[in-house]
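Next come two complexes built around chain A: one with chain B, the other with chain C.
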Partner chain A sequence: MAVGRTMIGQDMLETSANGPFVTGKVRLEHAVGMHARPAVKLTKLAKRFQAQISIRASEAADWINAKSVAKVMALRAPRNSIIEIKALGEDAQAAVVALVDLVAADFPDVGPS
Partner chain B sequence: MNDLVSIVIVSHSMDIAKGTADMVRQMVGSEVKVAFCGGDPDGGLGTNVGRIMDAINDAWSSKGVAILVDLGGAETNSEMAVEMLEPERRQRVVVCNAPIVEGAVMAATEAAGGSSLEQVKAVAEELSAG
Partner chain C sequence: MKMRVDAAGLAYRGRTASIGFARGPFIRIGSGADRERSPGSPTEEALALREAIQLSSAQIAELAAAAGGEAAQILEFQVALLEDEDFLEPVFATIDHGVPADSAWSSALDEQIADYRSASDEYLQARSSDLTDLRDRVVGILRGSERQPVRIPSGAIVCADDLPPSRFLEIDWSGGGGLALLRGSPTSHVAMLARARGIPMVVQLGSVPDAAVALLDGEGATLELDPSAEQIGPFERRREIHRKSRASARAVLRRPAATWHGERIRLLINIQRVADLEHADAQYADGIGLMRTEFLLAGSDEIPDEETQYRAYDAVLRWAGQRPVTIRTFDAGGDKPVPGFTSDGEANPFLGVRGIRLCLSRPDIFTVQLRALARAAVRGNLKVMFPMVTLAGELEAARKLFAEAVKGLQAEGIGAMLPELGIMVEVPAAALAISDFQAAFFSIGSNDLAQYVLACDRSNGALATLIDPLHPAVLELIARTAEHGRRSGISVSLCGDMAGDPRCIPALLRCGLRELSVNAPALAQIKQAIDLLGGGCGSG
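So, the complex of A and B:
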């Protein structure tokens, strides 16, 4: 069941509830892909949520912990990869929406948390 | 905020120490306190126990301080500096076995999420774990 859906340009951002998981998909537009700076931003944001959050790029076999900066950096997802996010827990929906937004907005600088 | 683990960077080179601290501030943000030291008083390469102690005390957080070092003497002098701290601070300072730049960025990222000193050290050391 789709619970949230927006269009930005030609890219579909989508979140849905899939069993106990909330999942989302977003295209990585960042010019250099999931390099150090985006990885740090994604990890920091993921850590604000209680939910277990996993991500993978381009339908890789393994999901990785979105709260592990070493693993997110090691993703090395290139530009235009599809990043999938899944989360489990009370704030899973908010977590997936926030992370999809972060990637869709191309990792904007935000104020101190 | 004083409830996040702080980071201290100890290099033989002041340029590397400062550059690493700049990377942490720009990539992770300014919520995690970062102090650094490096070089000898004449502008050459080296590390100094007194300066390392000053950096630890500057960065002090009740939640602890994680030190990232470069080569040999930076590690032994950092360990010596920790030994010479006040006893109640000594227990809350660790030297991480991690590459200085990558370790500092990852440790600070983990610290920014409010993690414990033990978790911060473990994340920094993930890269060197076999």
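So, the complex of A and C:
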């Protein structure tokens, strides 16, 4: 029943030279960190959106493609690290909300999708 | 080669790779992932990989559906990776540059596997086996090999085109059996494994049809298929003669130590794994001249951790008591590839990054072994040797890593010490510049030494007549090494196949060797051979 602190909203909206990004931050509560099952769930969810979605962990220099399971696994994000998500595109807002929820709810098993 | 024995059954003759007799069900297997494929153009290769990936996805999805639950979720990771364009893109880019699909795929996965293996976290390390599975599945499809493993009954005569050592190790030989290879070579690594296990093996049989039952005669180098009673009778008589002659040779073992011209000849044994010590004759050995450690790399998808390795080394030292035990560090590479460890795609793996070269390039893996050995060193009479040493600097680099491992363990309050360090003499340069090495002992690896001196790939059956270990050039290097040892008081032994071949014994003794290490099944025969040469009467 671990619930991460979700920080998302208008105040997180930032604008960069590349256009408007929607961003979100969430603490990774998953017991073993960002491992195979969470990574698969996260990338599967990310792929449902048209937006370009990037994530990074613990303020690393590089942002990586949230739709690549190899890259998400390579984050090696441990438990309690802060996952940052940024998205660009029409459904960027919905994507960030959905992904933050997924991490905050500790990657719940959902019914048939 | 086909030869007719009579109308009832078919008989084929090949070359002997390991003596002994086997009678049992005839099982033909594919050579698995080692099968060669001829790559097409980059476009064709890219298409082949796309198709193999699609087929793999479908297969895994099917497996996941059947497995359900936790297993299904783990398999999902494999499927996700197959759908990961970021991951696939560089693979296709490599193919575009002319690399065959299977090599491109393997090296991309090997990189990931190595990465996961080196992770500090056990959970991540465990993922490397998923990736190994995925790598082999796709490569298997690309190379057109069947995925479903053939069940091999106990005591079977296993027939294959050729067999990689890893496949040999997967087969359960505890019930006996034999190996009949259509190609293959008596000097290959798999032949060496067969001799060590006492499994009869015949190679270069050409082509043979399917059959239900077979007789394999490792001495006569014959394979008889669906034999008639007229064939079985003589076969069983030959088998009985073989058994009796082995029994009489075994009586020699209980006699005092072997001597030659009044000099004591020390006979040690080679082991490939701890279970080899269970051989009835092992107890008569003067020690262990070569413990190979590659078995630790086979079977499991993971490089075993320090504790697992330590337990294996410790078990052997406890068995040996006061007797010396020489353990050789990982000798991977060449014809002994280890996924995630050895480098793929070398044009000449025998001349590539193998043995100590590989270990020094992978201190992460090497250090774990050195730590386990340093801990074992306090438990008995341990010596450690490094394979494929070319330069004195390699021995010193390994010694430095070893000393650091000892220091680290001692700082952690764990008992450890630096054992005596020696080298394998198998690179001709090392034999020629033997006085360069500050080694505590030398062990001549005659198989590789002969292969390099004679410029013959020992796994190439077509060169079998050329790769003669009794060639004067090979003997010259052995004699020089022995002479150097004699002058400087450093012990020199020989642990290659020559030591286990009675025909080579006189030459080896004349070269000045007084210490030989052989597989336990050959111990009796070699002791008998020395006794016959030396007039018999032991002095010890």
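Basically, the second predicted complex is superposed on the first by the 94 of 113 C-alpha atoms of A that agree within 3 Å, B and C clash if a C-alpha of one lies under 4 Å from a C-alpha of the other, contacts with A are read in each partner's own complex, and residues count from 1 in each chain.
Convention: a contact is a pair of C-beta atoms (placed from the backbone, for glycine too) under 8 Å apart; a residue touches a chain by one contact, two chains touch by 3 or more.
Only a predicted model underlies this, so the values are computations on that prediction, with no experimental measurement involved.
**Q** Mind telling me which of the two, chain B or chain C, contacts the most residues of chain A?
**A** C
**Q** Could you tell me if A:V69 is touching chain B, chain C, both of them or neither one (first, second, both, neither)?
**A** both
**Q** Please indicate which partner A:R48 is in contact with in the superposed arrangement: first for chain B, second for chain C, both, or neither.
**A** A:R48: touches chain B, not chain C.
**Q** By the touch definition at the top of the document, which applies to A:R37: first (chain B), second (chain C), both, or neither?
**A** Both partners, chain B and chain C.
**Q** Between chain B and chain C, which residues of chain A are contacted by each of them?
**A** 36-37, 40, 43-44, 67-70, 73
**Q** Provide the residue numbers of chain B that touch chain A in the complex, in ascending order.
**A** For this pair, the touching residues of chain B are 27-31, 105-106, 109-110, 112-114, 123, 126-127.
**Q** For a test of understanding, state which residues of chain C touch chain A in their complex under the given definition.
**A** Interface residues on the chain C side: 73-74, 76-77, 80-81, 83-87, 112, 115, 119, 121, 123-124, 127, 130.
**Q** In the complex formed with chain B, which residues of chain A make contact?
**A** 36-37, 40, 43-44, 47-48, 67-70, 73, 112-113
**Q** Help me check something: in the complex, which residues belonging to chain A touch chain C?
**A** Touch list, chain A to chain C: 32-33, 35-37, 39-40, 43-44, 65, 67-71, 73-74, 76, 78.
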